[in-house]
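Labels run A, B, C, D, E and F following the written order; every chain starts at residue 1.
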Amino acid sequence: MTDPTASSPAIARPSGRAPDQLREIRIERGFTRHAEGSVLISFGDTRVLCTASVDNKVPGFLRGKGEGWITAEYGMLPRSTHTRSDREAARGKQGGRTLEIQRLIGRSLRACVDRGLLGERTITLDCDVLQADGGTRTAAITGAYVALVDAINGLVASGAIKLPSCGRTPVFGAIAAVSVGIYRGVPVLDLDYAEDSDCDTDMNVVMNDGGGFIELQGTAEGHAFRRDELDAMTTLAQSGIERLIELQREALAG
Amino acid sequence: MTDPTASSPAIARPSGRAPDQLREIRIERGFTRHAEGSVLISFGDTRVLCTASVDNKVPGFLRGKGEGWITAEYGMLPRSTHTRSDREAARGKQGGRTLEIQRLIGRSLRACVDRGLLGERTITLDCDVLQADGGTRTAAITGAYVALVDAINGLVASGAIKLPSCGRTPVFGAIAAVSVGIYRGVPVLDLDYAEDSDCDTDMNVVMNDGGGFIELQGTAEGHAFRRDELDAMTTLAQSGIERLIELQREALAG
Amino acid sequence: MTDPTASSPAIARPSGRAPDQLREIRIERGFTRHAEGSVLISFGDTRVLCTASVDNKVPGFLRGKGEGWITAEYGMLPRSTHTRSDREAARGKQGGRTLEIQRLIGRSLRACVDRGLLGERTITLDCDVLQADGGTRTAAITGAYVALVDAINGLVASGAIKLPSCGRTPVFGAIAAVSVGIYRGVPVLDLDYAEDSDCDTDMNVVMNDGGGFIELQGTAEGHAFRRDELDAMTTLAQSGIERLIELQREALAG
Amino acid sequence: MTDPTASSPAIARPSGRAPDQLREIRIERGFTRHAEGSVLISFGDTRVLCTASVDNKVPGFLRGKGEGWITAEYGMLPRSTHTRSDREAARGKQGGRTLEIQRLIGRSLRACVDRGLLGERTITLDCDVLQADGGTRTAAITGAYVALVDAINGLVASGAIKLPSCGRTPVFGAIAAVSVGIYRGVPVLDLDYAEDSDCDTDMNVVMNDGGGFIELQGTAEGHAFRRDELDAMTTLAQSGIERLIELQREALAG
Amino acid sequence: MTDPTASSPAIARPSGRAPDQLREIRIERGFTRHAEGSVLISFGDTRVLCTASVDNKVPGFLRGKGEGWITAEYGMLPRSTHTRSDREAARGKQGGRTLEIQRLIGRSLRACVDRGLLGERTITLDCDVLQADGGTRTAAITGAYVALVDAINGLVASGAIKLPSCGRTPVFGAIAAVSVGIYRGVPVLDLDYAEDSDCDTDMNVVMNDGGGFIELQGTAEGHAFRRDELDAMTTLAQSGIERLIELQREALAG
Amino acid sequence: MTDPTASSPAIARPSGRAPDQLREIRIERGFTRHAEGSVLISFGDTRVLCTASVDNKVPGFLRGKGEGWITAEYGMLPRSTHTRSDREAARGKQGGRTLEIQRLIGRSLRACVDRGLLGERTITLDCDVLQADGGTRTAAITGAYVALVDAINGLVASGAIKLPSCGRTPVFGAIAAVSVGIYRGVPVLDLDYAEDSDCDTDMNVVMNDGGGFIELQGTAEGHAFRRDELDAMTTLAQSGIERLIELQREALAG
């Protein structure tokens, strides 16, 4: 098998980035005041406001089981995009893409929380895209993780959650996400809109800090992708996610 | 008639402001990149993102009449408020308050535009509340005016709108809005959430730079308000709006 | 300040009325049989059926607080208007105007009821426009007040509500509403459709029998209105509302 | 076969009517002003406002075929009934009963109109129940027929519809409807609410002035009904409908 | 009165059937595995999957009354018909025809069940049309009866329902349904699509095994039908339903 | 890397299948009559009816471009599952899972069609689950491919689609799908419900007959999955899809 990442000098990404280079990532905690966690995350020009809201109730199917719940909602401001999109509230329903993304965010973040330790409360992660330039769902997951940790730390600090004697907290790992794709034949990391709308394959990868896969969603846009391309993409994704998890740690330490 | 504003020393506003004092107002143009106008306006802790989007179509009732249209949509991010509100897109409909506010914004801004000069295009003003602390609708109107001017200036600069020989532009006046109320018996300007939820009367006033009223909506929350209170409130509103229009001019000049 | 009402001889209202003249008002109690209060009110050709329905429950946010609730719904029969409008039930949602009006009716009538004395029950005021000729919301408020009093008197008569020893009833004041506007430069009272669709300013005023303002909603349709015009309009409104409250009393005594 | 109507002396209807006796029927034309036909019909305490609205368009499936369309919508005011029902516009959809009734009204009235002579226009019959006491759908059909004739006569009088040289008009027969049922074992005509909610069988019959059946909808509420009961009910219905058609003629002549 | 069925030799039905001849009827129990009753019924090319699902709850209006409930839902697969119809789930609502049919199925089957003996449980009959060729609602009722009996027999067999000492079961009679009509002047039994779309009158008849009528719904499509035609149609229906009830018995015995 | 499939003897699948063994697959063409393609596909107890409907129109965004469109809708009959689910048409909206699946089916099948050769027509694939036992989306894709080929072959046979001189048809490859997962630590092929609800990782794979990936969607249900597990799962999927494509060919040849 040839190493597809090795061939990258042959192409120029529209942004001038190297194939394995993330966009500039910024994580701004406390962007708004009311939420228990509030993070503005930027992946280049993609900016997503992620808030974590704590509610002392759980959905019906969990009532009385002593477990908590993590759920997510996703939205794009109508003019976060190049041309204005309809407001979903005005159209009277959330589209399929929206529902798909918010289900993905929720599943991803449930994968790092001990819901028994959380107790009977729900944390809702609202991920609202202020500006879109590709990769909104991966930015949302990466930012929502930070908001979630802030909210849970608040619950621990206030005594609402009592830690067990071993000191284990309800968050047992870090979660981050990034997109990878095949752009003009070359595997690239963290696609922006210009690449995303012109690539052959687009894959969203969610991983934890143990290097395990949480979610993997790949779609052949142009031609079917091969197993070696899959390998190259997951390798790129892993390196990107390791860097994102470092940036999450720095932000949380800041 | 006694002057109710004169009695203000007797009370303390929760914020410590004088009765006729606005909150700190900030107007940040170009907050996002894609929209033809994009303004983040802050009235203290109330922050509203106002974007203006140009579309070269008009609603059915105006087709072929050579006139443009100005319309508005309003939304609150679910956790812009103290406790999380349901996402309207998820509930499947916009509530009465939302519809009422977006109708108000649209009417207010149509009052400063020559729709014949605008030509057959629609400008949609999306006002999305990132953080709420009272007065979101008045902040929205005041910020949307700046986004609207930016969008129309862009149309003039690109030659899409040809100005008549007299040089008259489609925007023939400035529009701003502020709330006033009777708080513990004293008329006050620009209510924040603490005042708004505890006042006797709440009035939203929209005026133009000629000192004329565009919209006036007053509601007695506690007891009915008297004519002298109405006078005191409209006087306060006028002074506040004059200041807001100055700030709009400075922002547009900046 | 000149007195704008003094200049009225100079114009002719389409109806031939004097500027300060109400349309013919009729209030017919007991128009239908099942409701606890049922009033057909006519402001000229505008006819609104207002019913008051008592339910021994309150909305969730009031449960267990010992207080009652007053709410309103508004609708127009599809062919109450010059051209048929879509039936909101068939379109699957109530429009913004409908929601705005029913919120206004509800707020207005809550301003005359002691909800503690009412006890844990809800009174719903359904205001259905059988024929529209301008001013449907003000006719609705004025008629709904009479239906509300009938319903509450019924509760007192049946012993469901026990009055305190002071004899105070849950209704502590009268409420009526009227529209005023600037028509061809002249302030006029109680606009009909011909005036409403051709006026410069349109204002809906709700007041109580103490001369206090409950709601004030003014909109500049043509040009912005001045403070002296505001004064002239509120003066006209006050005189109209005084007359409407007399007519309510006569109807209730009849 | 015994004649079940002969046995009627044995029972007392709650209203004291004879088994074959209609309630008091009133047909008031011109009840509202805007519609091309507007009829308030009363079957005793059941009162339905039926308006006919003409629109110079047809639904998509008829466009360009030179034929017209007759359709109907039905609604009940929330407090037309003993206890308040939800407003369908507020619930966001029309219930199954409503849809079923409005489909029945539309089919029934299409059975008396030559849609080719009508030309490419739609007549919508809005049947809104102001007060319900049983038999609202049959009152609606009987009243809507009168509103429909008024609307079509208006089109002929204005020259919008040109009659063929034979003078044939678009309405080629009269249509009326009545309910019949088996109440305590006895067939009765024109059930009111007290009977309707306590009967064994309920049947709605629509017939034309030639004695032909247009619609027949019978439901066994208690026990299954026999063929002789079916015969007795249709005989009663026919006599009632003959009388209703006389009353329609008198109203149209008045 | 002449016997209209006697004249049948004069016409040819598109299918070549005799006027009083049913299509080939097949009743296949256990078509799917999960439901408590699951029947695929065919009336010729019309194929409807009827499942009965038991739920140990009742709707709110029956709670605590010791009675059960029988309800039905109906749907057509989008391409069960000649041309594809919109999927109701995608359109966001069930149409009037669907609601009307499912109300009919529910009422019909409640007429053969002792809801006291059933106890506080709901049986939902889902009738989904896999292939439509006329008469889907009558096939649905006839098949749903078999699924209902299977479900109730299962409850008895498992001991969930205890029979009274007299051995009476909750199902006290058989129910079946068939359509009849006047096709080219001749009464015919069990219309297929070719006849249904070209007939003068269409009537759906639901009867029990005692020969009593449960539901009768006749509609004149072309001209009004006469009493002798009604008699001929109900006679035909009765013979068809007797045969269907035999086939139900055989299927249940099989 | 150890070969995880080699370790399979250590576990017992609930069904007794070998880890790399598909369930019994049946593909029945012409299951219903009206659709241009109609396939009942079974993956064991999972049975999905897939119909292909041709419409000579395209969605707005493709009008006038000379290209066709392939889209899909998915539904589950309410009692296809162990316990009855709500009917989406009755709830008034399609859930997120439904939308996600139908988007997946549509994308997958567009990957094998030359939309230029198809011409301006839409083929809608309706995939309705009659019985569910895990893997409904992969069965749907596999069956819908066969229905699609039947529909396109019909268009070619009727001359509606003219093939280019090279003889290339609009379908340029085969598409099939299967699920794989990690069940009790062992990679297994084609999960049934018992495995699906108790597995650690669940992955749906869509591939073409060239061995390329079209879609890959993996979700860690229990713990994050490793790269070697990913490799083992995709290897299993590939072998399963090769077998499914053989079965599709046999069915199409049959």
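Note that a contact is a pair of C-beta atoms (placed from the backbone, for glycine too) under 8 Å apart; a residue touches a chain by one contact, two chains touch by 3 or more.
Because the structure is predicted, anything quoted here is derived from the model rather than measured.
Engineer: Going chain by chain, each one touching the next, work out the least steps from chain A to chain E.
Structural biologist: Minimal hop count between chain A and chain E: 2.
Engineer: Can we say the copies chain A and chain F touch using the same residue numbers, with more than half in common, or are the two sides different?
Structural biologist: same
Engineer: Between chain B and chain D, what's the gap in Å when you average each chain's C-alpha atoms?
Structural biologist: Centre-to-centre distance between chain B and chain D: 52 Å.
Engineer: Once you find the CA centre of chain D and the CA centre of chain E, what distance in Å lies between them?
Structural biologist: Distance between chain centres: 28 Å.
Engineer: Can you work out the whole-Å distance between the CA centroids of chain A and chain D?
Structural biologist: Their C-alpha centroids are separated by 60 Å.
Engineer: Do you know which chain F residues sit against two or more other chains?
Structural biologist: 92-93, in rising order.
Engineer: Please name which positions on chain F make contact with chain A in the complex.
Structural biologist: My answer: residues 93, 95-97, 99-100, 102-103, 107, 111, 203, 207-208, 210-220, 223-227, 230, 234.
Engineer: For the complex, which residues does chain C have touching chain D?
Structural biologist: Per the stated touch rule, the residues are 32-35, 38, 45, 47, 49, 51, 53, 55, 73, 75, 77-84, 87-90, 92-94, 98, 124, 126, 128, 130-132.
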